[in-house]
Each structure stands twice: as C-alpha cells, then as structure tokens.
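In order of appearance the chains are A, B, C, D and E, and numbering begins at 1 in each one.
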C-alpha cells in the first residue's frame, strides 16, 4: 500500500548517526511500530488484523473441518462438534468462517490498496503538476467516477468467463479509485504552493518524488482514511456483487457466505449464525482498520507523537 | 543595457545577469488587478561577489529571488546564467545543474521545511541530488559539517529533529546549511539571518565572506539589515516598488546615496549605540504596485518630486562608474532632459 | 377505495393478498401478449378458450369455447364460442373477437409468443365458430391455441395502432376481475360483476404487491399478511409452516431441471462419458442439499413424477438403472480406455475429463446443486468447473451452444411429450453460434424426429403413450441430457382465511399464481372463510 | 472567467466520453434484451417466444452501430429516451420520473444528513482527540459502515418491522394509499422511509467521520489554529471556521460526489425494502439488458455527478484561495 | 496563587481606539519561577528555566538572546498557548491579578486579545490561509463583542494603515502578501483592541528599516496613549536600544541579565550580554571583521555542568564549571553570573 512508498527508504537509521539511532530507533518502521504500540486502540486494531492474517494464512490450524464438505446434518445449532453449527447444506459453519478469511482479506486489502495507490498517483499528480495534466487527469477521474459498476462487472465477467477474484478486484479498483483521487486532488491543491514543496522542487527533486515523498507524508492521514474507505467499499461492494449473484459464489468468502445465507433465509429459517458470523467478521475487519487508523494520527504528524517521559538522569 | 553592464569587471562576463526581468501577479476576484511585483529589472552578479539586495518590504525582493531560482516564470525578460539563458534549460540535467549551482534560502523558515520529515531527510535529499560523488557516510559527515558551519550543534542531534522541534532561528540556519551543502556557485539568500541573534548572525556572515573568498561563491543577499549588508557585500542593489532604483559598490551607495529612497532608507538605519533621532514618522504612502502606471513609484513620498516624475518612469543612469540610480532629479538622464547620462550628477545630500 | 389494507386484517375483510417475488415493480400495463405483464393480466382479466390442466394429464375444461372439435386428419380445429359472455365494458364476446385475436398475432409476430403461426395456416370465423386450419396435423398444438390464447375485444384492439407496444392500461377483458388500481408497488383487483359465471368470484378483492426480493415476500406470508405465496422458501418448516397450523404448501413437479450436454463437444459426444456422468451423480442428494428436497430427484427417462407417473415406463427405467453408482461410472470409463491421472481425473489421449458447467449465479439452489454434483463427479474422476453467470449471459451461451455442460431447465406442458419434444426434436435446434429455441444440447436423430412428428397426428391416448415410451428409450439409451431434479410449482397457502385451495388431493389447476391461465382456476375456487 | 470556461469545456468533453461509455458498455454485455426477457421468465415462456421478443424489441433490425450511436446521442440531447424493455412498453422517461423522486427524497436527504452528522462528529472527535468521544464514536460508526448494508437492512427489517411491528415492512407507502399531497400520505411516506433511511444513514456516516477526523487532526496542529486560540475565539469558531474550514475540503468534494450519486440510489436498500426508487431499477435494467433504461439512468447519474464535481471545483476555488491559479 | 479576582469584563462600548485610563496599580504581568520543558526522546529539554519577570503597565520590555534559547517558548507559556510536548513544569503567570496557569478556558478567552494579544514569529503560518485579512480581523473583533460591520471595517483599515499597509490588502489572502506585509498584518491584528499587554515575537524581522522604525514609533505612540505593556522578542539591538525600557537577556532558557535599557547598553554585565553587544557591525564606521561569541549554543537537553554559558565564556573559572549561578540583584539590575555573586571568582568587576 501507499505507506511503503511514502516514507522514504533512503533515510535509514544509519544515515544520521548514533544520536538519531538512540532517539528514534528503527527509522520509518520504528516510527510506525511505536505509533502502533503506543496507542491502545491502534494496538487493538493491529491485533485484530494480525488475527485475521493468521486465519488467512493458516486456516487449517484453527478449523479442522473441510469448509466445503456437505457432510454434516444441515441446519444444526452450535455444539461442541460444530462451534457455530452447520449450514443448511451441512457444512461446518466455523470452518467456513475461518477459511473465508483469506479471500475476504485478499479482496479487501488488495482492492483497497490498489485503488488507493491509483487515487494517490492520479489525484496528487493532477493537483501538483496542474495545467493540462490536471485537466486531463481530472477528465479521466471523472469518467471513472461514473463508470457503472454493475454492467462493467457483467461485461468483464462475460469476457473472462468467470467473475473470479482477480476480476472482482479489478472491477472494484476500476470503479473505486476515482472517488479518493478527487478528494486527494483537492487536498493537494491547497498544498501546491507551500514553500516546502517549492523548496523540494528547487532542490531538484523529480515530480514523482515530490509527490511521493514530500506531499504524501503530509497527507498520510487523509490517505489512510481513503484507504480505509476504499477497503470498506471493496468489502461491502464485493459482498454486494456476490450477494446479487454477480460474483463467484463458488469461492469461499464472507461475501459469498452472506449470499448463501441470504438465499437460504438463514436469519429466519433457523440458522441465524450463518448470516451473522460473516457480517460480524466483515465488521470486525473494518473495526481492525478503523482502530489502526488511530496510529496514523501520529505517523502522519510527528508533532503528535507521544514521548515517553523519562526523567533526566 | 546601460548602467548594469558597466558595473561588471570587463575581465569576465557576469555569473548571472537579468534583462528586463518582470513579474506581474493577478490578484483579487473577478475584476482582477495586476500587481507589478517586479518591473524591468536589470541586474548582474559577478563571480565571487556578494550582492546585497535591500529595499522596502513588499518591493519585490523575494520575487526577484524566486524568479532567479526559477520558482516563478518571468512575465517577461530574461535571466542569463554563465552566458546561457536559463529558459533554455529544459533537460533535467541542465536544470539540476543550475539548481545545484544556484540554490535558494527561503525567507520563511517556518513553511519551507517539510513538517513530515526530519532535518536529516532534508539534508540527505539535497546531498543525494547534488553531491552524487558522496557515499552514505560522506553525505552524513557533509551534512554534519554544514550544520556545524551554520552553528547548529550538535549536528547529529539536529539531524534527527523534526522542523517543529526547532526554533525559528534554528530552522533558518537549516535552510542556509542546505544551500551550502550543494557546493553552490551562487546562493540566493532571502533574508537568511533575520531571525538570528547578532552573535550567530556574525558567524554566518563570516561564513559567507569566507565562502566568497575561499570558494569563490557568489551570493545574492537579501536583507533589511543594512549594517550586515555592508559587512559582507561588495555591491548593493536597492529596490523600491518593483523597480531597481539604485545600485553600486556598497560603500559608495551607503556613503553617497543617489536615490531619495536610498537616502530615506539610510537615514532610518539605527545605531544601537546612539540615541534615536526622532525624525518625522514617515510611513508615507505604501508603495503602489497594483496597476501603477507610468512615473516614478516613489514620487508620492519623495521630497524632491517634480512634474516629470509623474509622467516618465526614470531609468537607471550611471552617476559614477558602477554606481547608478533611477531618478529624474538626482541623476537626470536622457529621458528627463537632454543631459548626458551620469555626467556631473549633483548629489543634493552631499551639500 | 373500499380497499382493505395489507395488514392481517385484510383477510377478514375478504381480500386476498398474493405474495410473489416479482423481481420488479409493476409496470401498470396489461397487454396480455406482453410477456412482462402477462402474470398480472391473464387469469384476472383475460381468459383462455379451453383450460388444460397439466396436473390431471391435460384434462381439458371448455372455457370461453364451449366446445371444440378436431377434423380433417387432425388438421382442422373448430372452437364453438360460448354464448352470453360479455367484455367488462358490456359488449358481448363473439367468435369474431376470437378470430380477430388469432389474426392479430399473425399480423404481429412479436405477440405470437408460442409461434402458433408457424403451424397455423388460417383462422376464420364461421358464425359462432372459429375454425383453425393447420399446415399439418397438430394435435399437441391444441394446448397452445386453446389454453395459451387469450381473446381480445376487437372493438378496442382494432383501433390500436401498434398492439405490440400498446400498454392496455385500462384492460377490458372477460375474466373474473377488473383492474381497479395500479401503482408500481401494488395492483388492486376487484371482482367483475358482469363475469359470465354468476356469483363468482367469491373473493371480491385481490391485492397483488410487487416484491423486489424474496425476503419481504416471505415475511409477508409468514406473518399472514399474504395468504397465497408462490416462491421458494428455504427451510419452509422453520420459516413458514411452523408459524400456523393453517399454513400449508405443495410443490407439484412439472418439468425437469437437467444437466445439458453439448453434444458437439468432444469427448461429451461419447456415450460412455455421458453415461459415466449419469451414474456418477447422486440425484437424491442433489435434491436434498440443493433444493431442500422440495424438488424431487428426476429420472433419466425424463418423465416428471408423480405428475406424469402414468407415462413412465418403469421397467425400461430399471433396466437401464441410472441410479447413483460411482463404481459403474468408473468401470465404464476404464473399459472405454480412460486412465486416471495423478490428480485422480480420468484422461484418454492426454485429454482429461474436465468440463466447465455454466450456471446462473443468481439461482443459489442451482449453484448449490452443481457444487454437490461437482464433488460427486470428482470422486469418479471427472472434473467440473462451475462458471456462474448472469441469467442473460447464461441464456446467450446456452442458446448459441457456447458451453460444455449447463444446468438448466425447459418449460414443460400438459404431457411429457412437450418437454421431450423440446429436448429431442432436431427441428428445434440450431447450429452452434445460432440461437436454438430449445434442444440446446443439439441432439439430432431422424428416428426420434419421426416419432415426435407422429405424435402430432394422433389423438389416441394409446398411440401417444407408445410414442412417449419410445422417446423414454431414447433418453435412456442416448443420454442426451441428464435430468437432475424436478422443477416444481411454488405454492404456499393459508387455509385460515380462505378455502378452496388447490391441494394434492384436488389438483384442479397448477397452483402457482404465475401459472397462466391456471391462476384463474385458483382464484375462482377460493372462498373467504 | 477563463478558468470557468475551461472547466466547462472539459465538463462537456467528459460528458461526451461518459455518454459514449454508457453507449458502448451495455452493448458489450452478452446477449440482448430479448434473451434477458427469456431468462427473466424462465420456464414460463416457451423457447419459441425468443423470436417474438426479438421482433418486439427490435433486436435484429440491422442498424449499424454508428447509426445507433448517433441517434442515441441525438435522442439523449433531445430527451427522447425510448422505451423500456423491463417495463415494456412504458417509456423510459415515465418510468424514471416516477421513480426518481422516491430515490431523491430518501437517499438525498440521508446523504445530506450523513454528511452533516459525519463531518460534525469527525470535527468534534478530532477536537477532543483522545477523549471518550473520540475513542468510541468514530470506530463505532466505521464498524457499522463496514457491515454490508443489505445485511444491516435485513436485520433492521426483521427486528423493527417483522418482530415488532413498529414500522412498515418496506415499500414507499402503504399499498392502499393513493399518491396525493396530503398529510396522511406524507406521514405514511415518512413512516415507510424511516427504516431504509436509518440504514443508509448509519452505514454511511463512518466514512465522513474518518476523513474529517483525520484531516482535522493535521489541521489542528497548524500555527493559525494556535493563533486563533490566542485571539480568544470561541472553541466553536476555531473548530469550524479555522480548523474545520481548512480540513473540510476533501470531505466537501466527497459530499458533492455523493450528492451526484444520490441519483443512482441505494440499490440494495431499495431492493430489500422494495422501495420504488431508481436504484433497484438500475440493477434490473442491467440484468434485463434494458439499454434504453440503463442509458437513461446512467445519463442522469453522469450528469448529476459531473455537475456536482464541476460545482465542487468552483467551490474549492472559492473556499481555498491557494487552489486558485497564479499569474 | 493569587485570588481569582475576575477581570473587569471588556465593555463593548469602549471603542478600541479610545485610550482607557489604566490604574497603575501593581504589575500587569508577573511571571514567577516559570519553567517549561519539551519532552523529547532524550529526556526533557528545559526551554524556560525558572524565569521571573514583572511588567508594569505601559512598560516595554525587550527579550534578547541566542536563537533557540527559549524566547518564543517563554512568550507562548505566558500566553498559555503551549501545546504538547511542551509542558509548564513549574511556576505561575499572573496576569491582571489572575493566575493564567489555573484559568479555565472560558476565562482565558475573555482575557485573550482584549487583555493580551500575541504576534507570533511564524507570520505566514499564523494566518489562516483560506481567510482574507479582512475576515481574520473581523473574527477577532466579533469574538470580543464587536459586531457592527462598519466599525469593524473602519478599525481594520485603521490598524492596517497604522502599520503601513494599503487597506486594499484587506481582501488579500496571506499567500499573496510578502513576508514583511504578513508580519505587519499580524501586528495590526494585535492592535485591533488596546490590550494591556502585547507579546511580540520577532515582529519586524522581515521589515525594512524605514518601515520598521516608523512602525515602532507608531507602536510607541500608541503605547504612550493607551498604556499597554509590551514584551518584545528581537534580535535587533538597535530596536532594543531605542524603544525598550528594560531588557531581558536570555541564555539557554535562563534569564542571565535583566536591566533597564540604557545601563545595559552602557555597561553589560553578563559576559554573554557583553559578547552580544560587541557582535554587531556598523554602517558607517570602519569595516572590521567581527567574531561574535565563540563556540556554539548548548543543547537544552544536555546542558553543561555549572553555569550554562561556561563553555563559551572567556572568563569562566573552575567554579563556573561546577556551580550554577543564581540571579543576583544589583540595584535595578539582575544578573546571573558568579562574577557578581558574593565571593565571586576573582572579584574583578567589569
């Protein structure tokens, strides 16, 4: 995601000598790590996300059932054997929830990140470079802004035979980046004439470098908000597309679980957990990101970073 | 053109020269006015020369520096650096070359440092771009060297700081140190010492002179501190309301000012050791740079103003070799009367 | 309006509320030949000439025609139009109106939804009779020209400039109801006082709200705000019948949901492969998991049971015995020279038995069914890759033959013949790339075609049975499609407020409200309690 | 002035490009309206009906794509939107104009409310950074907005309408009502709008909160905010006129865009609540390959969004002098 | 802590340009043992160290000192504008009889601008970039009860003229002004009311001498008329010498010398002050190379043992390296140097 590009690698801890190393251990990553750990909310968010990452990476360690196997009694309530019960198809709900993490996380994060990167590049470039470039990029942004998602996915799915994940992600990115680009453009416009950008230009920085290392860090918090927005949008839209049958219901994700639950009236027809669990997981993922957001106050704005109070020796 | 060229030692071409440099701004809403920030400016800076640019606040000094640094594009006119018009610098290499030879120190140290980056980052970037010969280690020691030179100690601690952790004067010195780190030919320094206390200021001024003397660095030194201008500069340029009204060797201008504004300026220079001479509090009219029209722009405040001043914009005329002023009265030129330029100029102040 | 509200109180006031997910808001157009709106038109305002009941082996009940007669080697059909029937504007309904209607369809092929003019030669009025002359013997077409035609008042439609796009927003029909109010959300029908069956309908007001999605429609039923439902309700016991002893449902099967096989694609053109597919699938399990058992498992003979049970050749069926038999599937393939690869998938000449199966993503039951099939076939070494698409993309693929396997169904009719003809008649198919009206698998066999054509010439039940027996043999021998489950009518009803419902004991019509013109029969039988 | 003309020029160019996409995209979809109708009434229509439908919908009239394109552009300009296939034979204009007010009312009002509430909460949370309010409200709202909203809609519907009959179970008004401008009807419409509005509201506030809060936090550490404090301005004034006004720009842009998107409605909410708006209609148009309806709805969306964005461009220039072009 | 006598509410009727007679009772401002630290990774940096300062009404106190020695921090802490990581670690600020440190926000708001206004060092950043000068002036006036549009406009124009800026610039935005103009706009804003105290942080650093001098003359005149007190941070010794009544010399967070102006210029006592006065060049005299004060300012987080100035002090002794000097009172002057403490190093007085 954008963060990695924004905080320059060039300036490692070695560059500035021992005093620096003593003060701010670990450079960029140190800053991020400290911000994450120093704020309880951000830490909670991190824990949630890491938890999901773990589930995504090693679902088998947590759930021992094959999530797709329709081998149990359908529509069971929670029990020792089935922590969350079974679906109307006789699948283990817990295993489904666990195994769905990978796909959901993948869609959410990759679509969110790609869309954010695109918005940043286009929005900030437009604002910073200005002139004809701005006009043309704005035009493109506007066009993408109104490109209708549904027909697009129908078309793409028809030509790619199957609305699998890459297609879904591509569509989400295509229809999702322009919104943020517009917002970032406006924000960047107000930065355009700042002296420190002029100074960077005079220093001889390339345009892309100014955009990525000078403008972006000052807009981190907006970008994070936009990333969060894009991610949530991706989760919700993907689930929505899957919900109306435009996705690929074969795959295992929280969105497709909702599709199945919904189509089987799980809420009313006796297995409410089938619908509630994926909904809760989506929300929990959103919560993780939202809480993580609190760390970025400090990452983007050094002046807000808390310092440990150490008495003078 | 006339006077300016003559000021340059014949032996070498000027390091930098401008011809008819002009910059206008559109201000206001729909109706819109044109603000003449800089009008028809001709200046030269020779190699190994410190040129002080003084003048009224708002007279366009920063704009000149920004024009020279290629922040603004001139409305008209031309900037020639080492015989080449800077507008011909299109390729990145040329531009980068120019930028590393002619860095600029910003007037406002509070907004010219990126709040999201440490001082170390700022220094590192500049060095990386302009001192490719240095390795990582070399860059660090160079950064520390220039910070030390600018009086920021201990440099390693300063490198780790964010701009908001520095005082105004400290930030100002960071700006100056950055420019030095480029190994420049000409530093455009926009009030680089205005927020420094006198002792540090002297230190920096000494750095400037030694740069000139040892490394042949030229300097455009924009300042309000006439004393420090005198302390370091070889020549002085005086601006008023977008016009260059006088220029010449420092001592000559300071001791024999030609233009009424220069005189006013000098008369206002305080001497801390002396009592304040209570002159009439002359705020005068603020300079009119919004749609100014023809005529001398100082005429409303000028004790010597005549009819012609309202009709004809005076041109710079040499009074003595290398010392020129734009005034119908004190240096009447061909525009005002038929008198030959710079001949027998009376200096009313000298009487 | 003296209309009742849609609250439960509605039933008490004698109004019937129908809950059926229509998928869109109402258009408030009532042109009965506009397929988008027939569901809210036919049976309410417009009626057939003869009512043919699928659930009772095509039992025909004279309706607007009081009598009918085949003649001239079953090439001429004469309807005698009932006397005393009036249009709702008071004008009498005459044979002229009926003949006009047929000829209107001829002039406007866009209205001829069943393509009757592809077999009709002419239609004329002769006094009270309307005479239909066919190009050739056309006995099974009776269903389309008698049951699926709704006469229009000539005095109104003759003046219509373009009957295809005519909205008919103030419909004048002969049916039991008048359209009294229509908004996008709801249509209110009130009883037609001039209806030709005196005293009927007993239910004076019918509310037909437009539900865009299933859930609220189901809720409306479950809470008793609607008394007649026509949709899939998952876990119907928990959701519906457990809520009241008066709540019942019946899902009579009417057609097959099948796995369609593109016979032009190798190796699906090999019988062994198709047989292996048929043996490798546990249809009861597909039914149980995919369809909650609502749709019973189908048989390879292609006869929908119990609806058409009398047509089924049981001995033939058990001779071929396509019941789930994975070992047989495997052994057939092995015998044919297929070998299992390291991934367990059979292959011959380097070509794996790996197929894509297209499906409609919006039909979750089908998607689930295909998942079951996929895992079962995996065990017998055949790999399926489901591709889910939108309905339109799906139809586009299947009509034009651009698929390998497809999960689909075709409309049936009042006898098994109708569906078998759809499936097997080569005249219905088309080359790959051209849309086929049916027979999407591109099956073509002159002998079969001859059988189908022969059926059209006979009204003899015995001969018809004989032909259908032979068609079953084709299904079992050639396995051109593999029936999976049986498509049913969705039908839920509340006996608390109305009586006279269609029941398994009294299947006087297809009970789903979207079955036309069976809906009229249902509406006429209902009585408020 | 010149700026305005230039932007207008680009507006027209963008509009044209979007119109073209709106023309091309539907036609890239597999199948045609007749096929779509077939699959819509699957099992109820004989396979033979396809031919009839193709004639009815003019699928096979051999007009070149270019001719179609130009007549489409012409018709769009003159407001002739054609006949809807989904609501055959209704004209698209009638269909759209009867549904649009519902959507504008429901989604429009909730969008404005969500924006106002979200921005307010975001502003306050940033102002009180680290307080209880900041710690609870923004994450809560963001979490809620992470719920897929049809899911939430379903829960809300079940709880408030089905289990406790506090609100009606969907639709825009009671089926027995006649559309009229009287108190009874308006009250009825409002009571039907509450649940869907509530769902849209709580699921969309989170986004506004987040952008506003994050932006506001950066702004609050600016010197001019400190200066405003020094001036003794009231906290409200500093919060809104100084920090808020500088921080709100991206949110305002977002708001303008969402206002534009009001026209497209809240598809799934309308779907779940059977609300008679254009949002669900759009989905249907797509599913039914109803070119005319699709194109018209997209046209409305396009024009609304582009206009909103255009207005926003001007407003930005008004609000932020730094964004104005120099020289 | 002093009792919280409420400040007389600024009356709306009192036109801001009318001189309010001030009762010359007690100091306007009294800073007692004020200490401020910045919490950084390397431990706290004491930017203000036990500063004591009293300001009589109408007094003009100049604060000079090395760049980075804590002048701005001192002003901010007086105005109670510090933000984390800065923290007041001790002492109090009594303004108009009230302890600012303990005031509620509401009380503070009433005091601000009418009672005490501030000119910040970062003139560009201290102006709201999206509001015109006019709007920012009006804001301040409205916040303190002045709502009449014509009055606000008239007053805005008046103060702008006072600082030598064409009132056209009322409709300018900050980024359209030159550095000096921004500073003057800030000063003008501080003069909107006639507060009892104005804190000015290097307000004239971007002004030409003409403008500077006339501005200062104006300010002095106003001060004479209205009797407000000024704390003036500057590096310009001539301004100090010509306009201030008293000088506070700071070094590394501490006040090292405090004295009426003339005597200081005539005979600076603290070695640092002595160095300062020797460091400025002359306009007319001979051009002589100057050296300033050798060495570098200390790191506030790592102050030297003993006297803060000892590493650079030409007269430092071992005792200076061991013992922190107190502020000794010598008549109306105070100095923090062991030279002046009883038992000083060598007893030699300058």
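Keep in mind that, in the parts below, a contact is a pair of C-beta atoms (placed from the backbone, for glycine too) under 8 Å apart; a residue touches a chain by one contact, two chains touch by 3 or more.
What you see is a predicted model, and the numbers here were worked out from it, not measured in a lab.
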Give me the set of chains touching chain B intersected with the set touching chain D.
A, E
Neighbour overlap between chain A and chain C returns D
Chain pair with the higher count of C-beta pairs in contact (A-D, A-B):
A-D
Whole-angstrom distance, CA centroid of chain A to CA centroid of chain E, is 49
Using Cα averages as centroids, what's the distance between chain C and chain D in whole Å?
38
Geometric centre distance via CA averages, chain E-chain B, whole Å:
29
Report the inter-chain centroid distance for chain B and chain C in whole angstrom, where each centroid is the mean of the CA atoms.
90
Could you say which residues in chain B touch two or more other chains, in rising order?
25, 108, 110-111, 154, 157, 164
What parts of chain A, by residue number, touch at least two of the other chains?
23-24, 154, 158, 190, 193, 195, 218, 244, 262, 268, 300-301, 303
Listing for chain C: what residues touch at least two other chains?
215, 219, 222, 360, 390, 393
Provide the residue numbers of chain B that touch chain E in the complex, in ascending order.
25, 27-29, 54-59, 62, 107-108, 110-111, 148, 151, 153-154, 157, 165-170, 172-173, 191, 194-203, 205-206, 224-228, 230-231, 254-255, 264-266, 268-273, 275-276, 278, 281-284, 286, 288, 290
Residues of chain D that touch chain A when the two form their complex
6, 10, 13-14, 17-18, 21-22, 25-26, 28-30, 129, 135, 138-139, 142-152, 154-155, 158, 206-207, 210-211, 213-215, 217-218, 221, 246, 249-254, 257, 260, 267-268, 271, 282-283, 286, 294, 298, 301-302, 305-306, 309, 312, 316, 320, 322-323, 325-326
For chain E, which residues count as touching chain B in their complex?
38, 40, 42, 64-68, 71-72, 121-125, 161, 164-166, 168, 171-172, 176-181, 184, 202, 205-215, 217-218, 221, 235-243, 265, 275-277, 279-284, 287, 289-293, 296-297, 299, 301
Quick one: in the complex, what on chain C touches chain A?
214-215, 218-219, 222, 233-236, 238-239, 289, 292, 356, 360-365, 367-368, 371-372, 375, 386-390, 393
Interface with chain D, chain C side, in the complex: residues 1, 3-6, 23-25, 27-29, 31, 34-37, 39, 109-115, 118, 144, 164-167, 181, 183-186, 188, 207, 209-213, 215-216, 219-220, 222-223, 225, 255, 360, 390-397, 399, 409-411, 422, 428, 435-438, 487, 514-516
